[in-house]
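Can you read through this structure? Questions will come right after.
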Amino acid sequence: MEMKTLREEAFEANMEISRRNLAIYTWGNVSAFDAGAGIFAIKPSGVPYDELKPDNMVLVDLDGKIVEGNLKPSSDTKTHIVLYREFAGIGGITHTHSAYAVAWAQARRSVPVFGTTHADHGAGEIPCTDIMSEEAARNNYEQETGYLITETFRQKRIDPLHICMALVAGHGPFTWGKSAALSVYHGAVLEEVCKMAFLTLSLDPAAQPLPQYIIDKHWERKHSPNAYYGQAPKN
Amino acid sequence: MEMKTLREEAFEANMEISRRNLAIYTWGNVSAFDAGAGIFAIKPSGVPYDELKPDNMVLVDLDGKIVEGNLKPSSDTKTHIVLYREFAGIGGITHTHSAYAVAWAQARRSVPVFGTTHADHGAGEIPCTDIMSEEAARNNYEQETGYLITETFRQKRIDPLHICMALVAGHGPFTWGKSAALSVYHGAVLEEVCKMAFLTLSLDPAAQPLPQYIIDKHWERKHSPNAYYGQAPKN
Amino acid sequence: MEMKTLREEAFEANMEISRRNLAIYTWGNVSAFDAGAGIFAIKPSGVPYDELKPDNMVLVDLDGKIVEGNLKPSSDTKTHIVLYREFAGIGGITHTHSAYAVAWAQARRSVPVFGTTHADHGAGEIPCTDIMSEEAARNNYEQETGYLITETFRQKRIDPLHICMALVAGHGPFTWGKSAALSVYHGAVLEEVCKMAFLTLSLDPAAQPLPQYIIDKHWERKHSPNAYYGQAPKN
Amino acid sequence: MEMKTLREEAFEANMEISRRNLAIYTWGNVSAFDAGAGIFAIKPSGVPYDELKPDNMVLVDLDGKIVEGNLKPSSDTKTHIVLYREFAGIGGITHTHSAYAVAWAQARRSVPVFGTTHADHGAGEIPCTDIMSEEAARNNYEQETGYLITETFRQKRIDPLHICMALVAGHGPFTWGKSAALSVYHGAVLEEVCKMAFLTLSLDPAAQPLPQYIIDKHWERKHSPNAYYGQAPKN
């Protein structure tokens, strides 16, 4: 993939954060990853969306070295690096401050599968990490944020290509996917699923998750080899 | 009715889902039914709204055979077929993932008639089905979704031409009407009624339904032979 | 006032319902009253907002006789007549189905004065009527809706020129003012105040109303002879 | 700074209230302060946003004298004066009636730091004042509103350049910053933070604040001498 395309892909996905109302002002960032080159394009830090241009995107490698770009990359760059290193097969990462996802992260709760809207996009709960330890926070905060996510997936034995969403406790959502566009799509899905789960618990604090056989059915019809949803298989 | 018109009717009603914010992305589908021909036009599966065109709509008969169209029809097509077969007199069906209706479905609660906004559009609670059994889910999921709805109406003795809305437990809303346009209108009404009922229960968890004599009055002034609401009788 | 102007005033105020998101579709109506002529212009029943024109507005007198217009007036016309007859000095009435106001009406609760946003527009709670009796509902429903409001104001000794808003239990909000424009302004204020009061009670179910001396202060600075808010006195 | 620029700065920030949906109609006001001249430009009282022009902004000095302008300044002008007098270093003040911030003010609760969205903009709770005493309310209401804020910051030993937001009990939010633009930015941040905190408490009434070491980390990365967020240091 050309670096020009990578920057454009990252740019487009960053603008989508604003269009989908997943963050106000500059609160959010998306990166697009070229696995072959080991380089990703990421939003510069603190630049308003209406001043963003494809040329603003900063190219960074997996050691955190700036390959190209005059601006500082997002302050969350090290979190992106950890996820690209640990989650083989992903091509984009999105971080937003969408309100319902943040609320679940602040309440430090994983999101149960209450319905098929959720199951269509992941066959299990959306995990919330533990709160970061003082040592980790003082050590290398953004890198440790990445490790919080990857450790949670490892411990809970969740496949990051099946559930492409995580809540960092006390912080907010990170989502990913095969492309930058899909990562921001998952950011929008997560916000909608978090809103629905919030309303469900408000109606019934003892609401029951969907039975596993319906979760499986919805996941299979969209994502298994026998998927029959959509015009062509996609993640 | 010509098939061209049927496709246009289905197309217009599908676009209305997006305009009324009843689903994000492609989460939803509407079909328009020609009862004389036994054929309905339905949204293709997984096509974004901004790529939809009237020509994209797929024509399907009541055996599920594709009569015309190059794309796969909505994955919920079999649910539509069951409703057209069982609910005589309807001409359109809408399925959305609107947030408040989904929340009631996920909480597996029927929506009581708390006020006249509800009563204007149905003289009784909006029923929520039971959760689907494992056998049914494994057997023929989308067809069984239709049967869940029709069985609920049969058991509760609800006339589907009086209450044109149902919640499928753990899934979300299906609505219908004499036309595709009215089915999506009922989808928007249901979302608004579910929001109002949610807020009502938040204010007072023991909120009382409207007395039956007011429910009857509102239904009669809009839908009975002596209706005096609107310029001409309509459903 | 000329009848042409009255129709235009009513038309403009009706369009404002839609622009302010106080109702979806045709759920709502505004009338503009010429007290000298004893005639008001009101929205026709069940006509979509995008088909409304000033010429569509129906002119009705206080006996309910249609003075001019080819369409049927709003089904709530008799409620408007009662309010114009009983509340001397008002020049416009608005009825909406805005969600938070409806929720308070469905929970059958008057809205306490929790803050200055409320106090700026009324120095006391916004009253909710009792639920209508079966006899009244069967007798003359829309007229009785008006009486429910006027009786509530009489019993609670509320001056309808000081508090221009009421909730009809199980139904929704009616608001009024010196003009049609001010009546719809009060409809928008009521929705915002109901939303704020809802959120307040969610945060603290035992939330205390504002002390009377602050309520009085805010009312006085906007509405008393010594008002100093705004560029010129208005209601 | 030229007075023309000051008026334009105030005008732009006032329009931002409306664009960011922080108040309906004219409910809100922003001023821009020229500390050297001891003069601020403030929105005129009760003028609709669509009639506002830079020339409408009223120039007022710290004694409350109108330096230039044909319209009456905002009724909250005396509150602005107290804050400019007491909070050295601020260049703009914003008052809105945004719904979630008002709800916390009406519930008379300070907003705990539940997450990093909050910590990014202030390393401690957003304080809510006490309710104003009867004597103060009768004496000089708007001035006393300012004193409520400054006294709260003094008693709680909060640095107004670190936490640029306050809730006035039973009233609503006041925010400030180094410029008028930053003050309205803080108004938008406060509303978002209040919404997130509201949702968090709804999910878990016993939700725990963020540990202090994460609060400190987020504050430091954006605002300390070693800040690394954004392209250049700003408040």
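First chain written, first letter: the chains are A, B, C and D, and each begins at residue 1.
As a convention for this text, a contact is a pair of C-beta atoms (placed from the backbone, for glycine too) under 8 Å apart; a residue touches a chain by one contact, two chains touch by 3 or more.
As the structure is a prediction and not an experimental result, all values here were calculated from the model.
> In this assembly, which chains make contact with subunit A and also with subunit C?
Both-contact set = B, D.
> Could you report, rounded to a multiple of 5°, the rotation needed to superpose subunit A's C-alpha atoms on subunit B?
In short, 90 degrees.
> So subunit C and subunit D: same face meeting same face, with over half the numbers shared, or different?
Counting shared over all numbers used gives less than one half: different.
> Considering only mean CA positions as chain centres, point out the chain farthest from subunit A.
C
> How many angstrom lie between the centres of subunit B and subunit C, each centre taken as the mean Cα position?
Spacing between the chain centres: roughly 33 Å.
> What's the distance between the Cα centroids of subunit B and subunit D, rounded to whole Å?
Each chain reduced to its C-alpha mean, subunit B and subunit D end up 46 Å apart.
> Hunt down the residues of subunit D that sit against at least two other chains at once, touch-wise.
If we look for residues of subunit D contacting two or more partner chains, we find 202.
> If we count contacts the way the header does, which residues on subunit D are in touch with subunit C in the complex?
It is residues 24-25, 27, 44-47, 71-72, 75, 97, 99-100, 102-109, 131-132, 134, 137-138, 141, 170-172, 198, 201-202 of subunit D that touch subunit C.
> Within their complex, state which residues of subunit D touch subunit A.
20, 114-117, 185, 188-189, 192, 195-197, 199-200, 202-204, 207-208, 210-211, 213-214, 217, 221, 228-231
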